[in-house]
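Should a chain be cited, it is by its letter among A, B, C and D, assigned in written order, with residues numbered from 1 in that chain.
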Amino acid sequence: MAEFMSLSAAVEHHLRDGQTVAMEGFTHLIPYAAGHEVIRQVKRDLTIIRMTPDILYDQLIGMGLVRKMVFSWGGNPGVGSLHRMRDAVENGFPQRLELEEHSHAAMANAYEAGASTLPFAVFRGYKGVDLPRVNPNIRSVTCPYSGEVLATVPAIRPDVAIIHALRADRQGNVLLEGIVGVQKEAVLAARSSIVTIEEIVDDFGPRSANAVILPSWTVGAIVHVPGGAYPSYAHGYYKRANAFYIGWDAIARERESFAAWMKANVLDGSPDSFASLAFGSRKSA
Amino acid sequence: MTYSATEIMTIVASRFLTNSDICFVGIGAPSAACNLARLTHAPGITLIYESGTLGTRPDVLPLSIGDGELCDTALTTVSVPEMFRYWLQGGRITLGFLGGAQIDRFGNLNTTVVGDYGNPKVRLPGGGGAPEIASSCGEVFIIMAMNPRAFMAKLPFITSMGHGAGKGSREALGLSTKGPTRLITDLCLFEPDPETSELIVTAIHPGVTREMIQAQCGWPVRYADQVGLTPAPTDSELAVLRDLQARTKQAHAA
Amino acid sequence: MAEFMSLSAAVEHHLRDGQTVAMEGFTHLIPYAAGHEVIRQVKRDLTIIRMTPDILYDQLIGMGLVRKMVFSWGGNPGVGSLHRMRDAVENGFPQRLELEEHSHAAMANAYEAGASTLPFAVFRGYKGVDLPRVNPNIRSVTCPYSGEVLATVPAIRPDVAIIHALRADRQGNVLLEGIVGVQKEAVLAARSSIVTIEEIVDDFGPRSANAVILPSWTVGAIVHVPGGAYPSYAHGYYKRANAFYIGWDAIARERESFAAWMKANVLDGSPDSFASLAFGSRKSA
Amino acid sequence: MTYSATEIMTIVASRFLTNSDICFVGIGAPSAACNLARLTHAPGITLIYESGTLGTRPDVLPLSIGDGELCDTALTTVSVPEMFRYWLQGGRITLGFLGGAQIDRFGNLNTTVVGDYGNPKVRLPGGGGAPEIASSCGEVFIIMAMNPRAFMAKLPFITSMGHGAGKGSREALGLSTKGPTRLITDLCLFEPDPETSELIVTAIHPGVTREMIQAQCGWPVRYADQVGLTPAPTDSELAVLRDLQARTKQAHAA
């Protein structure tokens, strides 16, 4: 049953050193504020899972908190490389980073299997490519009817899922809308979860009969963090700060500029550090 | 009107698109080409981004695969597992776009790593949707600017499959999709040789010579018996594209 | 690309004798009008697929059009038996009916696999039960990671899917809402489809960003048939005619009363036969 | 107040339900028991119907598993594949309800066929959701009125598994869920013997004798060391149930 708490309490209570955590968000609704709290609390030796690790995971890696990353596309979308991730993979700085690499199709299926509590997912993929050579978790099964050989991937079952959503009602039900990615699957696949939200409402009110809702009893902690997805965005609340993503490239390129930025903006910051930026940039979102 | 290498690449790609295409669109040149087609000769084209947006009509180009603009203008937006299961694997996409850091003469692509996988010189972003876009879409267009470190005789890593080791490779793996049918570059257009599936030049952009093409290519370039001349971008194509890019730049600087 | 046409043309064009057809609808949005047109056109030797065959399939079976039924629960919900189905299975009247029987979980997964163009689905089911003894299509695979043995079912790939939906826009995009069942999967899994709808609108207008919509290019024929789901219902248009379902029991119990009812109400009827009943029973749906 | 056999069965079942239960509800007696609990002592109970409705609060009992009432009053409604994959198989349901045409002393149920499967005497509706409700829900309550053709020594067909051939059968199949923890009938309450998993009588309804129970049961009934007496339905329980049934009847006759 969902429990409303502060961000620091939620991270303290739900995430421990050495655990596997998925902070999901497919461009939309990336849980930046929660991820920053993880950095402030210096949770170490993490295995981080995400289809599209972007700046937030670059920050976790650059701060030396990550042992292993499970992913399918690691870059700054439309901009270029994740320099901290590259520094870890290419130079072992600040520490070696183990990679388990998949395709998007595999990861999406693996989350779906996790939400279904299946041990693995079956899909038609990885034809004629090299990833199966370097990832022993890419295997296959034979269709018992057609004989077709299909690819498999282990289900994703994180210890903790962290997502950002739009609204929660007073009972702790959580609503997402727009580009919903794999967030619902991540929460359902995880053993516990933290959900940051833009807004608490008494009742969701009139809505689609098929609205994307996580019932209260599927969620661990709920934390009210307006602007908590910035520089990502929240459908109907604020837009993606594309300028921030473009600007990140220069910040993260060098170890020193990265460390200085993290100190000023994250380590010395708080859960509402970015709220003014999120809503300062508010447009007809 | 003069134009850049990127502009002619984008415009040439857009010309091949029609109202009946269902396109799985990647960020960058593919997105520009698809939206240019939509704003010019193919207003009915269906654009799908892997973030889940079906039938989207952005007013500015997205910076990321999941900008709000894509969702706001879409027919509807599905979850990412559904996108990869029902829509891409479902075989409903007629045309996928790919780019990459490196390509070989059979249209195989590398976007994973330069050097050894376990000890890389350059760690690239990885495959993302590419491996299954390459196998599940009815056909694939590749858009890449030429340079000899990108157009390689042998790839260090195959992220997504084109024609494999040549004709028959796809069929041998049970694939019934066509794979890369066009490679659109800043200098020329490649298409697979019907006999070998090697990508050969079938049209050359205005002002480009065979020597210029070979200088940017790491394998010995072959040419079709009949090599066409790409019609130059029209003023109208350039105007629509530049207007789109200007709107986009303004929106993302905000 | 969806084509607007008449119901008789749609059935004539899309469905042929001997084909496999799924007329889906999980209590809600059952395509009665389209099914009745199939009966009027005397399509024979059909294989009919549905999770919950109810009165409509009882009618198809009773009229002698069905060779085989693939299903998971065949009854009149909350009322009792399907008497025409029982007569076919128990007495071979009006002809022998072959059954391929699954559980709901299996069928739901099989539609999902069909929509994904996978040849089969994997799920955790059929533990300690007898259905696998009598259905050779229930098989298993072993998880290549955990060694767990899981049940499999062949994907459902009908020749034709027939569903009833709420609205289509002028471009032929189709919207469903409410209890959406497996209808979207049925259409995506099928080689062609017929969609009857309550209403044609210029544009769907304001809606959830995640509305359940079948794009025009995934649909075969669209037919405007207000009331086409009666005695089932259409969310926001009319309610389920529960009294009709209760009353069907007596009609279908005897061969003669069934035949008389079918002649009067279906064979001598037309696509709009039930519209007045649907909207006559309109309440605060 | 006097009451019917069905009423006491429904009321006894409802008493076992709590605010923290997540129930997968079937049509008929389970639906009546769950909604009675919701309208009396367990207003926070979560009710799920396999048609996809999560957290529904119907004002009248549905006739079918997918009446509009269920969707109109639900927190949200998901597709049926999602219901069976993420919600039932996902292991999120604490309590499932089952009924059946026939039951054996280990709580295995038959709703498929009487007689030979290939040449049946009576073709029943089939399993529907039951096989996986029986294996995936945390525990299962069975509600059935007793009669000797229904409470059978040996079932012709096992549609859903209870305790199989007795203690250890579920574990041998890799199941970690409890299976049937209560069988609520019109005469008494059965619960599994901790030693053997055979369903044994743990409470008897008012006015019922052991002879009456045995007369309606096809196997030799066993009793717990301590057999309780079911408290009679209270006036308030009966009033809420009858009001619900009256509203329901009126709604479905319309």
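Just so it is clear, a residue touches a chain if its C-beta (ideal position, glycine included) is under 8 Å from a C-beta of that chain, and two chains touch if they have at least 3 such contacts.
Since the structure is predicted, the reported quantities are computational estimates derived from the model, not experimental observations.
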item: Reaching chain D from chain B through chains that touch each other, fewest steps; value: 2
item: Both-way neighbours, i.e. chains that touch chain D and touch chain C; value: A
item: Of A-B and B-C, pair with higher C-beta contact tally; value: A-B
item: Where chain A and chain C are represented by their mean Cα positions, the distance between them in whole Å; value: 39
item: Separation of chain A from chain B, taking each centre as the mean of its C-alpha atoms, in whole Å; value: 28
item: Junction residues of chain C, two or more chains touched; value: 112, 116-118, 123-124, 148, 178, 180, 185, 209-212, 235
item: Numbers and ranges of chain B residues touching at least 2 other chains; value: 71, 77, 85, 89
item: Pairwise chain contacts, counting only pairs that touch as defined; value: A-B, A-C, A-D, B-C, C-D
item: Residues of chain A that touch chain C when the two form their complex; value: 116-120, 122-124, 137, 139-146, 148, 150, 152, 154, 177-178, 180, 207-212, 235
item: For the chain A and chain D complex, residues of the former touching the latter; value: 1, 112, 115-118, 173, 185, 188, 209-213, 215, 217-218
item: In the complex, chain C residues that touch chain D; value: 26-28, 51-52, 71-75, 77-79, 81-82, 85-86, 89-90, 101, 103-105, 108-109, 111-112, 123-131, 134, 148, 178-182, 184-185, 212, 233, 235, 239-240, 242-243, 245-246, 281, 283, 285
item: Chain D residues touching chain A - in the complex, by the definition given at the top; value: 20, 22, 46, 54-55, 71-72, 74-78, 85-86, 89-92
item: Touch list for chain D against partner chain C, complex; value: 27-28, 50-53, 62-68, 70-71, 77, 79-81, 83-85, 88-89, 108, 112, 117-118, 120-132, 134-136, 157-161, 164, 169-170, 173-175, 251-254
